[in-house]
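One structure is given below, encoded as structure tokens.
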């Protein structure tokens, strides 16, 4: 790793200690085994039940709009700053632009992440930008750029959907004109079982393909969508893994149903913000 | 309308308030903002803490990794503190490499940890010259509203107090190490440092625990870090000169504040267990 | 704000869009319905028989200088041809981050446009009131002070004391009685925002 | 390449009548040409021209140590370079966002072991494995970059010759491998399940495949679907614009159908290519 | 110095069977792409280079615009797989910036820039396979691309490398192998008709009395290359012309 | 806790002005074994983003002896930048920039105080308006709780180090930087002793200016 002159550097190479631990023996297949038998998930949730969400806006006093979200253990904070001119662009563009940055804190995942943005974070920033671009009325902000920064403090699964939902709330609080309220959900698919809002263990389990002959169905993967509430439109759709068409379609229904479940919560948070905005 | 006046003449706006010894947010000159400490909320880190001083919020997470000690310091482990002013906390900071202010803060926090000798690096060494612990302490500022050194120092010390490392057995002949995840032992922290920052306004008024507007308008800052009823850091980077009495009453205020903060840390840690 | 005002969220359908109801500021019209664009309070404004639906969010909305707005700006550089300034507030809303703007020589005053000297009209550090001209360039707004009510509002003399307007071309420092040439805004109370007036009073 | 509204409506009507401006129907592809073994230095290379989109892919192989958490598997890394030849705004760092987006989509498409089995690239568990560098050079953009790149990558991997390891001797920590220097005895990579990407563009209210630059301009929303043996290995929405759930399902079906057909066409052209027809750009 | 002996066998043949003053096989084609205004592809031996020309068009950054001439903006980049050792980054390192500046100098000497004030011509060069003589191949490819773009130039600018075999016989058009083993190489970019030298670059050391010999050999090489390029341009124009029916007017 | 250093043994300061031709003011200053070269360029044209309307913007660069400037050099730059901002009468040069460049030549322990004195000398040499002069003294507390002016030979025996910067008008503390742990009254005694020592530094400044 090249020496970073702008930070204090530790030893050249260091290895996470989990590698030297006795393998916990709980491979993904065994974990799936227990889960499948119990018919319930490790934290007692149904397969299609979303974790408890805590959503608060105005978390960052310095930002124009900000939101802090906790989905189960996953903690994400998003802040939105008021529009500034698009840097290094001279021609007059009629549509505004969004600049999104999605970052995991170095301590937020099991394996330590670097300070610089790696490829996965760049991909997530790109997906988040796509989701929000179709929700924000860009023609209202000609030639301006809105900066949106998301920081994941604790990644316990579906961090990207938490960030997108929180960004939607932060944008509304920042007074940025938007077409609709945006909510986003992740589902993990393994052997045809759909786990809504998977935590980090379940996310790992769904990325792995089971080899043992007991499991013939080779559907496995991760599906993230974000949806506009009243327009019933999907503004972002991302899937990886190895999924057949029918499973993908049924996954889609489950997801749009769960998006509707989250919307009232986002609305309550926003209305609380507007009402005490009126009172003060 | 007051807001418009404040944005056009911030200095005059503040002077009008300070004439009656009141600050715009209603605090007395030497009042401190409420402090909230929460430890151990991030499970993926070996130790974590979130500190809020007024609006300023800093999250500290410590991840332990195994590494090889340096040749010249064969019996010493590593403690690598880094302060990150993330673009989340204020529109002043852009994504990319750390700004000068972030680097200065990193150096100050590293000095404070070094001076206070709160962690004995020898204890972090598992087997001399072969393997040692390397604690990456990452402090991320979530909300930048002034006196950031205090928030970072408090976040780091409360995080260090809750760090627990798994037990490692090293077999020199096979050069193999075995980690036992179940048995986790906390590291012992020899001293607790508490930092307090003062802002000097118009060369005479001393404001305790300044907000970001006050920091921008003040003509100098003074940061004092106490450590077990001794001092381990007195940092005054230029700015308007201070007379000796002002200096000593700042030190005096700083001592009794550190007692109250130490109690706060104890209660936060008790809640966590 | 009245207590019983209707609160709306972005994307909320407000009404059918037909002859009577049209979409105003803060709303958009799609497939025959008017939807709200902001989170805030709905106002129905009667304009010659037409009900215009408008949504105002509580002061937080993103305001951008548009043509014709009166803005308060601070001059930071002057050259022969123009004065560069930062726009601090648009009308009554204070901006968190300032926008860049420029006042060209020919837009400083109405009379004898060509004999204008910039250094006789503005000095760096002055607070001015100006009107936004049609937006042509991408990154900096064109301002004009070519009206009597526009121009320098608050200026500090060489020695740092706020000055009092003596005529519409000069301002005087109360302490040193030095007269400095400025393009002074004619102080018309109803046009000026009250508090800036109060600022002038309590400084004298 | 900005279109006025009249041109957009013209394209819209063309798509509605299932008869596009260049005579194709909604599911028609423009003529594709593939040449393999273009680059001498590379272990496998392919050049693909989809009308005026021109992609050159070269695969290089190096010995590497496997990741600690996945000791059995080799590694594959995608690097996309947008050459300024394509458009002046790719000059310097201009083409970086597109390059990152392309390499990320390829990485997630090849992530699942069902599509491309990395275990075959492992030489010695935990110690030595092959690392595949797939370098993609975009020489000209004529629309529908994702399909062209995925086909070119699959062709290049099909053409890759992995050197045979004669013997592996381990003493203590370091491992010596001696590779058979005779060029011809080498293994081939199993590419049957490698994913093929199809971009489905929604213009007006029906979906179109293989959009050219003009059609990409007036598409409301589009998705990229990576198909491997009628399974979806990656699906991403690109561009601005949102899709109704219904249109999304129909475009997924269309993508799957076209993807399977495209994959078959590619596989049999690849098997028919004989190694001597090398004429590159001079044709 | 002894190792350089094997470069030229007693019979006067080089490692790849060429004689001392023989160029590598040059094959080129104009109009390879549709998007750029002019494009060309050249193969000198195994070195393969693609060139594309955009312009003359409006200058992107206003401060660089000049009122009397057109500015030439070049970018040289080598494909990551072009050398047998995989390169980390295609461009951006010092060597590629230096080569693009040299390319700019060579083209500035030729293009009639005063005809296009306030405008800019972009010349991009991409090396697909590097086997020695990379810079000359780029200059020749750029010349062809500019001709294909219809930009008026005073003369062809051709470039060639020359080296010293068995430290007294000048050798022409050095391949990568000979560059690595062989002695000093001289790179010359010249206007063959008027014999003017646009750019001369030398690696390692030349003895004074060897230099003129090698320089003349290089200039001869440029003349031969010019003949080949000229012939390729004629074929291209004839081929283009035939599709529009005016081929039968010329000879 | 008696004071080892007697009064008359000054800090053997040595200095040479006008060392660099291109700089407006430059000084090669050594304090004991520590040597620092400093240069002042000012008031010069300022970049647009750094422009301040009513005063000059001060920028400082600190180059270590070897290697690229790291995080600790950023801290020294920050310290020197703030000291210069208070000492220089920057209001007389609005909308301009003053650049302070420092190169560490040798470091025996008093690097920061040597750098600060070097900057003050360079300011004097450049003739830029200053509100007051500033001088720095470093003071060491050894493991055996003795306070001494000269840095002890081996690093490990240093328990704490104080660097104080005073102005020459009223002798108030402009800047203070400390390392290691110390008690409050140790800090206060060190402060008083340094205040007397700094008078010698100012005398040294006058002498160097007189005899160049």
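To keep things simple, chains are lettered A, B, C, D, E and F as they appear, and every chain counts its residues starting from 1.
Simple rule for what comes next: a contact is a pair of C-beta atoms (placed from the backbone, for glycine too) under 8 Å apart; a residue touches a chain by one contact, two chains touch by 3 or more.
Composition by chain, UniProt nomenclature: A = Exosome complex component MTR3-like; B = Ribosomal RNA-processing protein 43; C = Exosome complex component CSL4; D = Ribosomal RNA-processing protein 42; E = Putative exosome complex component RRP41; F = Exosome complex component RRP46-like.
Quantities reported herein were computed from a predicted structural model and do not represent experimental measurements.
Shared contact partners of chain B and chain F are A, C. Annotation for chain A: without this chain, the others separate into B, C, F | D, E by the touch definition. A comparison of C-alpha centroids places A closest to the centre of the full protein.
Set against the Cα centre of chain F, the chain with the most distant centre is D.
The highest number of C-beta contact pairs joins the chains A-B. Between the CA-based centres of chain C and chain D the separation comes to 54 Å, rounded to the whole angstrom. Averaged C-alpha coordinates give centres for chain C and chain E that are 59 Å from one another. Chain contacts: chain A has residues 6-8, 15, 81-82, 90, 228, 231 touching two or more partner chains. Multi-chain contact residues of chain D, defined as those touching 2 or more other chains: none present. Contact residues of chain B toward chain C in the complex are 1-9, 91. Within the complex formed with chain F, the chain C residues making contact are 74, 76-77, 124-125. Chain A makes touch with chain D in their complex at residues 15, 19, 119, 122-123, 126-127, 130, 133-134, 138, 207, 209, 218-221, 228, 231-245, 248-249, 252, 256. The touching residues of chain C, counted against chain B in their complex, run 72, 74, 88-89, 92, 94-97, 127, 154, 193-196, 199.
Against chain F, the residues of chain B that register as touching in their complex are 100, 103-104, 106-108, 110-111, 114-117, 219-220, 227, 230-244, 247-248, 251.
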